[in-house]
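Here you go, one structure.
The letters A, B and C name the chains in turn, as written, and every chain counts its residues from 1.
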Amino acid sequence: MVNKILPLAVQGLHVRRQGRDILGPLDLTLDATGFTMVIGPNGAGKSTLLKALHGVERVSAGTLTWSAPDDDVHARQSFVFQTPVMLRRTVRENLRYPLSLTGVPKAQIDDRIHHWASLIGLTDHLGQSALRLSGGERQKLSLARALITEPELLFLDEPCTNLDGRATRDIEILLLEAYAKGTRIVMATHDLGQARRLATDALFLVRGALRETGKASTFFEHPQTDELQAFLKGEIVE
Amino acid sequence: MNRLIATVVFAFIAPFAQAEVLRMAVTTSFNNSGLSDVLLPQIKADTGLDVQLLVVGTGQAIKLGQAGDVDAILVHARAAEGAFVAQGYGTHRREIMFNDFVLIGPSSDPAGIAKTQSAAGALARIAAAQADFVSRGDDSGTHKKERDLWGDAGLDPDRFGAWYKEVGAGMGAALNTAAGLDAYIMADRASWLNFANRRGLALLFAGDAVLFNQYAYLPVSDLRHAHVNHQGAMRLERWLTSPTAAALINGYQINGAQLFTFNAK
Amino acid sequence: MNDILSGLQAAFWLVVQLDADLVEITLRSLQVSVSALAIACMIALPLGTWLAVQRFRFRRGVIALLNALMGLPPVVVGLIVYILLSRSGPFGVLGLLFTPTAMIIAQIIIITPLIASITHQAMRELWAEYHDLLISLNTSRWQRVRTLLWDGRRALLTAALAGFGRAIGEVGAIMVVGGNIDHATRVLTTAIALETGKGDFALALGLGFVLIALAVSVNLAVHTLSGTERGSRW
């Protein structure tokens, strides 16, 4: 896959809510390839950052400069939310929904639905209401629903929180496959092991500020700031 | 689903797909008598007219005629009828028949009106006893008549106390109220005879000539309202004044009592 | 108590004998209310949903207006429609006064705010749930409205049934604009008012029971239908 919408240049990104700075202002560049991990304590602004980049969070100031026209940019990226949003429909219809919005040929749609259902192990549940799925199954379904359109850019907000070890590994495999096919991934996580396993580069956020960024090797092995050093050691950073 | 669509479509074409329709505003008292149930089928058979009755108070009947929303009116309010024709809303006024008003009250008759000689005398006794009295209070022909009668008795209803209850309702509703309160009330004979919920009420006084109630037929002028069915209204008038109508009207009885007297000339 | 018994008895006989007049006015009640409901839903469901999805300057004002309109006394609606449709009113040339069409128009005005308001309440919750996902999927406004309408269809059914209940039981407005003309604009509620006026409580109550039975069976039928739909699809 050729990534047409990246790189993205972010300048002065700032999110304020009720007179409080939640994020930024910060500058940042997203290259055309890579697997970026966003880490930081609770309330640091990870979700806010991802949503602001994706365009579902209103930003108070700042510019996002994409490499393609706006319409393409929004059509070619997906988001997996921290709390999965299930359409009140069957699993099959949840998977069909994003495809029906884009111009995927009808003949292909059912094939893709079955392909992804089997990848996440929900083939037997296709006809069942998505509202009856377990927490972990919901997370898998929302991941599949995000990947089924083969996006160029994928945001993931802690997609493995409710998953057991095996399911986590299954999902990591899916993510690495998508990454290998050229999907640019930006993911927030609290699982430092997962971060080390998957990241090509990483961002460290504390209280809305970008404290440290870098290639995975230096970021995890030779952290520059005391805060990141402490955080990686598992100490409490606030 | 098809049926539903058909119903919806029908609802919109229905008004245009009917036989020759004639709309006539009539007073509640006329309709409550049940006479219309006898007359309308015969009118349909003899003239082909589908007469649609709008049952309202005299005041509203006259308004409907003035607005051109009906083709003719059949009412009983002499003065208002005269004005209706004089102002050009109606082409003319034709008397058809009369019935009479009666005084109703609790069968114990606490005010003792049953033995009086005149309507004015009966009302004066009710006022003197301050017995509960229900008035239509809706500016209908019956209400106007009742106020005139109080006037004849030298009394002014506007100065009455709480015993005089203006309910602002039709004849039936007013009778229901009177039945509930065990109160006196003036009603047209037809409404009374057809009234089912009498409880303790009884007919106490009738027969004074001032209680006679003349019905008149007034076609709405097609000069003022070009769309009205004046032809049909004239056909209906010919029928209403015919021997057939006379026989049906004079022959209409409830519990063996004749209600209306045909007097068209 | 006696009145209620004789009412039940009257209702029983009316139904058992399939009284021709009863059938006629019952069908007309249904015809008027279902037509009004169909048209009101076409306006109110998208409107209520759109109000939940779209932010614009007078949104709060429009919602407040809807809620206020919901409380409009039907007779007032009837009176306004009457004045508009009267031969001497602005739409007099259409000759609609005292026809079922006029009754449908009045009922549409009465139930549209109610349905739109209930729809808006339900859709606001669903929209809060779907907001991030639908924005993320880059849906157009129309696609959002359609998705909410479809996924919220059970709530919409409730809204529609509330509208139907209000329409079928309404008497003030249709009495004024329909005129309660026998064999033309008489429906169950106006017939009940008429019989009450004549003091014939048994017949009035009988008609009332028929009306209640009609409303209940429509509700049951709709719920059964949507229930089977759920059984097969979910």
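Here, a residue touches a chain if its C-beta (ideal position, glycine included) is under 8 Å from a C-beta of that chain, and two chains touch if they have at least 3 such contacts.
Because the structure is a prediction, the values reported are computed rather than measured.
Taken as a graph of touching chains, this assembly is arranged as a line, each chain contacting the next along an open chain of partners. Chain pair with the most C-beta contact pairs: B-C. Distance between subunit B and subunit C, defined via averaged C-alpha coordinates, is recorded as 33 Å. The centroid of the Cα atoms in subunit A and the matching centroid in subunit C are 47 Å apart.
Centre-to-centre separation between subunit A and subunit B, using Cα means, comes to 79 Å. Among all residues of subunit A, none touch two or more other chains. Residue ranges of subunit A in contact with subunit C, taken from their complex: 51, 54-56, 74-75, 78-79, 81, 85, 87-90, 97-98, 101, 128-129. Contacts from subunit B toward subunit C in the complex involve residues 4, 7-8, 10-12, 14-15, 18, 23, 28, 32, 52-55, 66-69, 170-173, 175-176, 179, 194-198, 225, 227. On subunit C, the positions that touch subunit A within their shared complex are 126, 129-130, 132-133, 135-139, 143, 147, 151-152, 233-234. The residues of subunit C lying in touch with subunit B in their complex are 30-32, 34-35, 38-39, 86-89, 92, 95-101, 104, 179-184, 194, 196-202.
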